[in-house]
Amino acid sequence: MGPTGIPSPCSLVGEVMANGPVSSGLIEMHLRVPGGSAGQPTFFPGQFAMLNRPGASAWTFGRPLSILAWEGGVVRFLYRAVGRGTRELAGLGAGSGLTFLGPLGNPFPAETGGLRPVLIAGGVGLPPIWSWLQLYGARAGGPALACFGARSVEDVPWTLVGDRWRVAVEEALAAGDGRASTGLVTELVTAELGDSALDGACCVMACGPWPMLRAVRDLAAARGWPCWLSLEEHMGCGYGVCKGCVVPLREPSADVGWRPATCCQEGPVFPVDALAWDVMQPEGSP
Amino acid sequence: MGPTGIPSPCSLVGEVMANGPVSSGLIEMHLRVPGGSAGQPTFFPGQFAMLNRPGASAWTFGRPLSILAWEGGVVRFLYRAVGRGTRELAGLGAGSGLTFLGPLGNPFPAETGGLRPVLIAGGVGLPPIWSWLQLYGARAGGPALACFGARSVEDVPWTLVGDRWRVAVEEALAAGDGRASTGLVTELVTAELGDSALDGACCVMACGPWPMLRAVRDLAAARGWPCWLSLEEHMGCGYGVCKGCVVPLREPSADVGWRPATCCQEGPVFPVDALAWDVMQPEGSP
Amino acid sequence: MMPAWWRTDPCAPFRIGPREFPGRIWTASGCFAYGLTGHEMTAPGYASPYEGLGAVVTKTITPEPRAGNPMPRLVETPAGALNSIGLENVGLREFVRDVMPRLEAAAVPFVASIAATCPEQFSDLARAVQTAGAKMRHWHGLELNLSCPNVAEGGHDFGKDPDTVAACVSAAGGGAGDRALLVKLTPNVGDIAALARAAAAAGAHAVSAVNTFVGLDVDLATGRPCLPRRFGGYSGAAILPLALAKVDEIVRKAQVPVVGVGGIGSADDALKYFALGAVAVQVGTAQMRDPFCAARIARQLQTG
Amino acid sequence: MMPAWWRTDPCAPFRIGPREFPGRIWTASGCFAYGLTGHEMTAPGYASPYEGLGAVVTKTITPEPRAGNPMPRLVETPAGALNSIGLENVGLREFVRDVMPRLEAAAVPFVASIAATCPEQFSDLARAVQTAGAKMRHWHGLELNLSCPNVAEGGHDFGKDPDTVAACVSAAGGGAGDRALLVKLTPNVGDIAALARAAAAAGAHAVSAVNTFVGLDVDLATGRPCLPRRFGGYSGAAILPLALAKVDEIVRKAQVPVVGVGGIGSADDALKYFALGAVAVQVGTAQMRDPFCAARIARQLQTG
């Protein structure tokens, strides 16, 4: 455990306990990991782990997945099968071994400085935001507004979002389905906030696809609110050694006005003002 | 189907129906394959198939396994998990896909020319000999003597060898276990034959590890009997195109007195006299 | 689904030098023998492994028959293989007398691969094949194998020198005939584009890139190399990024059509070569795993 | 279980040139950064990722800091990866002022990797590191990176010429100091033994072989190379047979100790290098997957 209170990353082999769909496109995995020091925090919301298959079937690089929860020696993940690695993950049955390196990266701030939290998650961006709400939601400066966006109502993991969350779905809803509104999650947030922008400042935290993050940035900037975003970059090591995952951070002292920062180690959570938006490509890379 | 009556090899994807142990070390797999032309022979004893995993998880080369049986669209194999490929095979559950190329290679002769068949199998050498006995045992020139050798009594697939086979095991038997004799299978054969060498000629067919095959060769040669052996070589293609699996065949017209022959296509079954034993390494290679 | 940029019919005729080939998906030399056993093979939905193929490049032949290297000749590695076949082949005489007529009779489009140890021998081989094939409709070209790493006396160092490459191409007729003249390049050099330029300048109509990479594996039990000749030729999926890099260098630095070879096992792999500008591709090691591999790729690239 | 021929304790001190190293299992440059974050890592049964390690070869530094290449910088392939990091590094000043003292304080055995675009720069870099490290117990040597394929202005072609290799080694002091002088060779040449001989003749105490192979992957959606600089360095399990072949060539054709690098992910992989005569090995890409990879290999080779 380092001086900042962040737990040390541990390299170990876990065992899949459960691994199955929680919505049309999302899968929840429970991984039993050895150890877990009683009393100490196991992770902070926003941290992730690099998962891999053990031995000769290992992928060259682990796959980064945010930690949804970690309790009683069981780490929970929520993911979507999109490519080679996550598809293989999806196929693992109970009892399969999986290497685990984590927790990694810098989390969302635990304190909002007395501000009301506005939590925004899109798709597989749910885990860090969900765990923030679970762990800090009660003690934050005012009732949190938690909004989740999904493609369709079938894609919503209802067991997780329950009724603490407002839900927006992109595909039109069946008539009379009152569980969600139709549209983008950022539209939902704007609607929910109403005039509260005038009432009092909020602190925004978000994780999701790039178009959503840009909209969140604008939403916060327009109101002058502090805003934290969790970014995604393709990763090699996940623990800061390969420099394969850089995002551009503002650095006025540098010739070019920015410097490359590792998404895995300096991030994945960044304050919106630290990012050099002008040199970013559409997906966030310099 | 070629002019010799050998069925054409087919490249297809099968589905694992069952895959589990039939003794301490041997596994039987049932693979459902599409097609299978009614009435025509699906394979001849001694032929094999190249098995592989489909798609991106494929091994560079298929794994050759002898065909134990092929009935009603289901091919049966008997194998031991020894390395990467066979271990992965052993881990496949029902429903897994498996690419199949077969039947391949030249079989044992269907006729013994009126001679009594002496069938000798060691360990995973059982399938070709077992299927010969099943298909031709009844119509051969005299009752077949079928002997099977295993490491231990637990390693014997009793469901297959039943009581049509004499069994020899290398590890000492428990007192009173009358199912097998202790010793090498070739010792058992010699004992079983007794003086029958003087009574009448036999035709020997064998498949098993190299030391066994050499002993079988000597056994047959001493009696002047015809003898057919099924050989193993590491294989790339299994269908004769890569020249990666050669064994030395006698070729008096060649400068060196022998020529390389593909084990997969000209074999794996060879008459003992065709082999150039003098240039063979201990494991059969030139 | 095929990417939007892909608009080529890989089974439509196209030209290399003076010759029209029936398609762009070929099999690579040494991985489908002489192309004679395919008609014995079946697969659901396919008439034969030759369906849609542009050419079978036959196993490299030498002036005299060769018995090849001692066993073991193959080592499988996690995503590839090392081979040390040692150019086992039937030799020129049997090739022109027996193999070529049978390929012609079976209507299998083919390219004859030849290897020799000096330019003069290349000249003799090329002339013999040209004579035998002069009237054949299905013989489309010659591929000079200047790169087989398994033959002690010639092969390797041989094909690493641009001047020797040029000399062999010139000796083989320099592309003067009415069939395509291709040169198969070794990747085991610092500058493969220089070899390609030398081949083109001497008259080659295209280069095939690449042959196998020099590799070695160790048998842990003994601590000695697995292959009796220490080194083998590395092929299969593991070499795809290496071969793509070599092809890209040639395409950009030499003015010669490239036939891409190395690590192709799927339509996606083949598309990567076409994306870089290859005019055709050859399937090697993956054809050993499945005799229908190239045919399946051709069909998939046709129908999307 | 270890093979019978293996009798070396990989965690016992051994000598390269004038310097004794604490062990034979190292981490490779660029795959464990500056070796400073390992103490933050834990694994059941291990005190730290440095346990049993002979050296961390630090990320290659250049005279000035470098921001590296644009993203994406990594592409995973079936059994390996392409990287195009572009030598992002903190530069000489920060390295000697900050990194080296922290490594010394943390008792991490290390080799400093340096890269430059001409012999004079190598001389300056070597001198600066030597001055800073003169009294350090845990600084064991210099590794001249003559082979990084991602840097446009120097790197590649640079290290492909034996004369340039010799000039850089001489400029870096030619092995005159009291620490080991190693040269990291590029495999992207036809004759790597010639580079090794040139390095040895100019005073290198050992060569590290190999750096990454030039590779390319295509993004099928666009039909363009995945990496903005087209080419990347190919590493990981897929290159093991290639790197073993290069090491074998050097061992047999040059009189210089070899530190084996390339594709090592397990004790078995490391043993293959030792079987061929390597004096030590470096773990690269696999160290990125697991910070304890090298430590696990060291322990396994020790205890069998």
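A, B, C and D are the chain letters, set down in written order, and residue numbers restart from 1 in every chain.
Here is the rule we use: a residue touches a chain if its C-beta (ideal position, glycine included) is under 8 Å from a C-beta of that chain, and two chains touch if they have at least 3 such contacts.
All of these numbers come straight from a predicted model, not from anything done at the bench.
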In contact with chain A as well as chain B, sorted by label, we have none
Computed over C-alpha atoms, the centroid farthest from that of chain A is that of chain B
CA centroids of chain B and chain D: separation to the nearest Å works out as 49
Whole-Å distance, C-alpha centre of chain C to that of chain D, is 35
Multi-partner residues in chain D (2 or more other chains touched) are 77-80, 237
Multi-chain contacts in chain B, i.e. residues touching at least two other chains, fall at 56
Contact graph of the chains (line, ring, star, complete, other): line
Pairwise, the chains that touch are A-D, B-C, C-D
Contacts from chain C onto chain B in the complex sit at residues 30-33, 37, 40-44, 59, 67-68, 70-74, 76-77, 79-81, 83, 85, 88, 236-237, 265, 285, 287-292
The answer for chain C against chain D in the complex is residues 3, 5-6, 77-80, 82, 160, 188-190, 213-218, 220-225, 230-232, 234, 237-242, 244-245, 248, 268, 271-272, 275-276
In the complex, chain B touches chain C at residues 2, 8-12, 34-35, 50, 52, 58-62, 99, 101, 233-237, 239-246, 256, 259-260, 265, 281, 285-286
